[in-house]
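The first chain written gets the first letter, and so on, giving A, B and C; residue counts start at 1 in each chain.
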Amino acid sequence: MAYDDYIRKRFFPHIWCPGCGHGIVLNALTRSLDSLGFDKNEMVMVSGIGCSARISGYVDLHSMHTIHGRALAFATGIKLSRPELKLIVPMGDGDALAIGGNHFIHAARRNIDITAIVINNRIYGMTGGQYSPLSGVGVRATTAPYSNIDPAFDVVEMATAAGATFVARTTTYHVREMSKFFQKAILHKGFSVVEVLSQCPTNFGRRNKAGDAVHMMESYKNGTVVAGSADDVPGSGKIRRGVFVEKTAPEYCDEYARIIRVARKGA
Amino acid sequence: MARTRFIFSGAGGQGVITAAVILGEAAALHEGLNAVQAQSYGPEARGGASRAELIISDDVINFPRVNNANVLVCLTQEAYNRYYPHIRPGGLLVTDSKLVTPLSKVDARQVPLPLFKTAMETVGEPVTLNICMLGAVVAITGIVKNGSVEKVIETRIPGEFLEVNRKAFSLGYELGLPHAG
Amino acid sequence: MKNKTAFIQGNEVCARAAIYAGVGFFAGYPITPSTEIAEFMARELPKRQGTFIQMEDEISSLCAVIGASLTGCKAMTATSGPGFSLMQEALGYAVMAEIPCVIVDVQRGGPSTGLPTHVMQGDVCQARWGIHGDHAIVAMTASGNQELFKITVDAFNIAETYRTPVILLLDIPSEGEIEVVERLRTAVKQGVDFHPYLPREDGRLPMSDFGGVHRYNVTGLFHDMWGFPSDDPQVVHGLLRHLADKINNNVDNIARFKEYYLDDADLVLVSYGSSARSALHLVESRRRRGEKYGLLELQTLWPFPHSIVREKCANARYVAVVEMNLGQITKEVKEAVDRPERVYLLNRIDGVYITPTDIRNMLRVIQGRGV
């Protein structure tokens, strides 16, 4: 198969703005799926609401475009009733960590075998540029016209603290790395999180003098560092990329299967 | 038979609801009667007032609640003070002789029995107070056969507590018998 | 399950009936007075290879239920007023995406935290209009345990037949062979285009399980026959009509009710849920005195069976609706009958279960006989 076999061409063109990073994520994702070679009928993509959530409609998998923030909750129902299915949940930053923050930490806590992709463009793009919990202090947004005073979450630290057993971060500039991390995350048994820094030139870039899409991607190239590399020194001010957590822990569906065995022995 | 309406009252955790469920199940499953059990409780898991209602009848029961009871049991003074107005004139009012001081103005056949003392001292398990009470009520009213209740106790009470509860039931039954009829 | 007598609580009856109907997935969040249903499912579902999960809130509970239903299993949740409020968002999604599921709302007094351990019937209109946007919905109730068993199985059957969420409104203070309908699955073979949202001539939509051979999109946006988002006016109009018509054109098939002494009744009580038991008690005691009272007990509240109510009340001099709220069904009854000025509300709204004496006293006022 070729990677574009994973695309529903019927539904193109997509809705994203010129320069948006989400198409790059879709591209890396379909290439990852192609490399992994799973049967498309075994894969389910569930998303919430927002620009990034539209990814699920464009992939030729079982796909579910749900409600804002709740994608992981829907995915939990699917995974738990059909544990043999592979679940991928792309989410935006507001979707995953504002309205969906509670579902995010609880899915991580359960270590249920779902791959969460947090596509972080630090803004609510679809609604026109409001600040999100990942915007950070000093950012300008339509709801922060004098600059934002809300401190941001660090997705990697948050996912780690909540119990995710695979946690990684990359950017839309580092496409091969992204594809590699996606593959690792999907193969990982347990709750896996990949944060992808993705540019929103329309609603973040313009307002924050970050330049066009090319400039924003260059800032990912120059403003990030591979964790553990020679350049990764404290105080560098750079955002760290890499796999931060990769460990094994009891997976939720496996544990539930054990409960079924215990209950049936008693029955 | 006439329709008999029960209220078992006491403090939360005393097991009055369990006692009502057991009696209702004995009537419904082993004696072919109709039974409806309802309850009201506060937010507390333990303490607070607790009240279980039970109707037993050979006829269909539509309205499931008990406003005025033929048989009222009060296992605390608080429950007694609150519920004695709900006894039908001439009804049976069973109390614990240690935990409740009855009022003489109440128009009912009042039967104070040493239920708590029996559960505490003879059985040695204060938690069997509810089953001891149930034994007494079954003996006094003859509403169902004691064997029917014993069958339900066997299925409803976990194994390790079964023996003490059987004992409590039969001691309660003995306490009640002299007051039968 | 059949031909066996048991002495059990209403919540357990509902849970057992759900198992009988073939429920395979339960997700919920603890809340009085519905928690017994979750506890029963946690104990019984794994014995039957089914799945129970306690989610982080009621929002995620109904989301998980919808996800599970898409994989092909019958799924349900149970809650009470405050949790039912949180579920409205996902309930709307289930309506829009046409996902079968059953939501049990064991009513308490409200609004807000209200009266957690007392009985009221205040969520009737929330069941009808709690979610935003035009839609049709099915809501059912029962007054006694035997009927509750049957109605619970019916709720699952209607959910699968009409691809719709069904709300079971319970307010039972505590306490035959029934057909079980299976989901209609598509006969379209692998490799042939499957249109997940193209209704058949009878309005029904066969489903395909997630994980099966047909991959399609599900969304809460207005969508075309592929399940892909669309704002084409024709598509939007067609979908909204379909969502309403599939329920409203089947009112008589979905309606469940019981009638007592209606043939010659000149005073018809209309009631539902536990208040119908008090109403029936009163009707029977008045009949023994020769007074022509009758009772129409509604078990399907939504879609409201207007034509049935109209027919059953046609010869009555008075119609009195007995409910434990400010008249949520009374409005519908007034709309259904020829002479709305003869419809009266007999209610109690203080968290205390309405008694036959309460009803009798209120009837005396209506009949001009004094209290």
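Just so we're on the same page, contacts are C-beta pairs under 8 Å (C-beta built on N, C-alpha and C of every residue); 3 or more make two chains touch, one makes a residue touch a chain.
Remember, predicted model here, so these are calculated numbers, not experimental data.
When every chain is represented by the mean of its C-alpha atoms, the one lying closest to the mean of all protein C-alpha atoms is C.
Counting C-beta pairs in contact, the pair that comes out ahead of the other among A-C and B-C is A-C.
Between the CA-based centres of chain A and chain B the separation comes to 60 Å, rounded to the whole angstrom.
Annotation: 36 Å between the Cα-based centres of chain B and chain C.
With touch defined as above, chain C holds no residue shared between interfaces to two or more other chains.
Put simply, chain A touches chain C in their complex at residues 8, 10-11, 40-42, 44, 46, 56-57, 60-67, 70, 72-82, 84-85, 102-103, 106, 256, 259-260, 262-264, 266-267. Here chain B touches chain C in the complex through residues 21, 24-25, 28-29, 35-43, 62-65, 67, going by the rule given at the top.
Residues 24-25, 27, 43, 46-47, 49, 51, 53, 55-57, 59-61, 63-71, 73, 75, 89-90, 93, 210-213, 215-221, 226, 228-229 of chain C are the ones touching chain A in the complex.
If you check the complex, the residues on chain C that touch chain B are 5-7, 116-118, 173-175, 274, 277-278, 280-281, 284, 353, 355-357.
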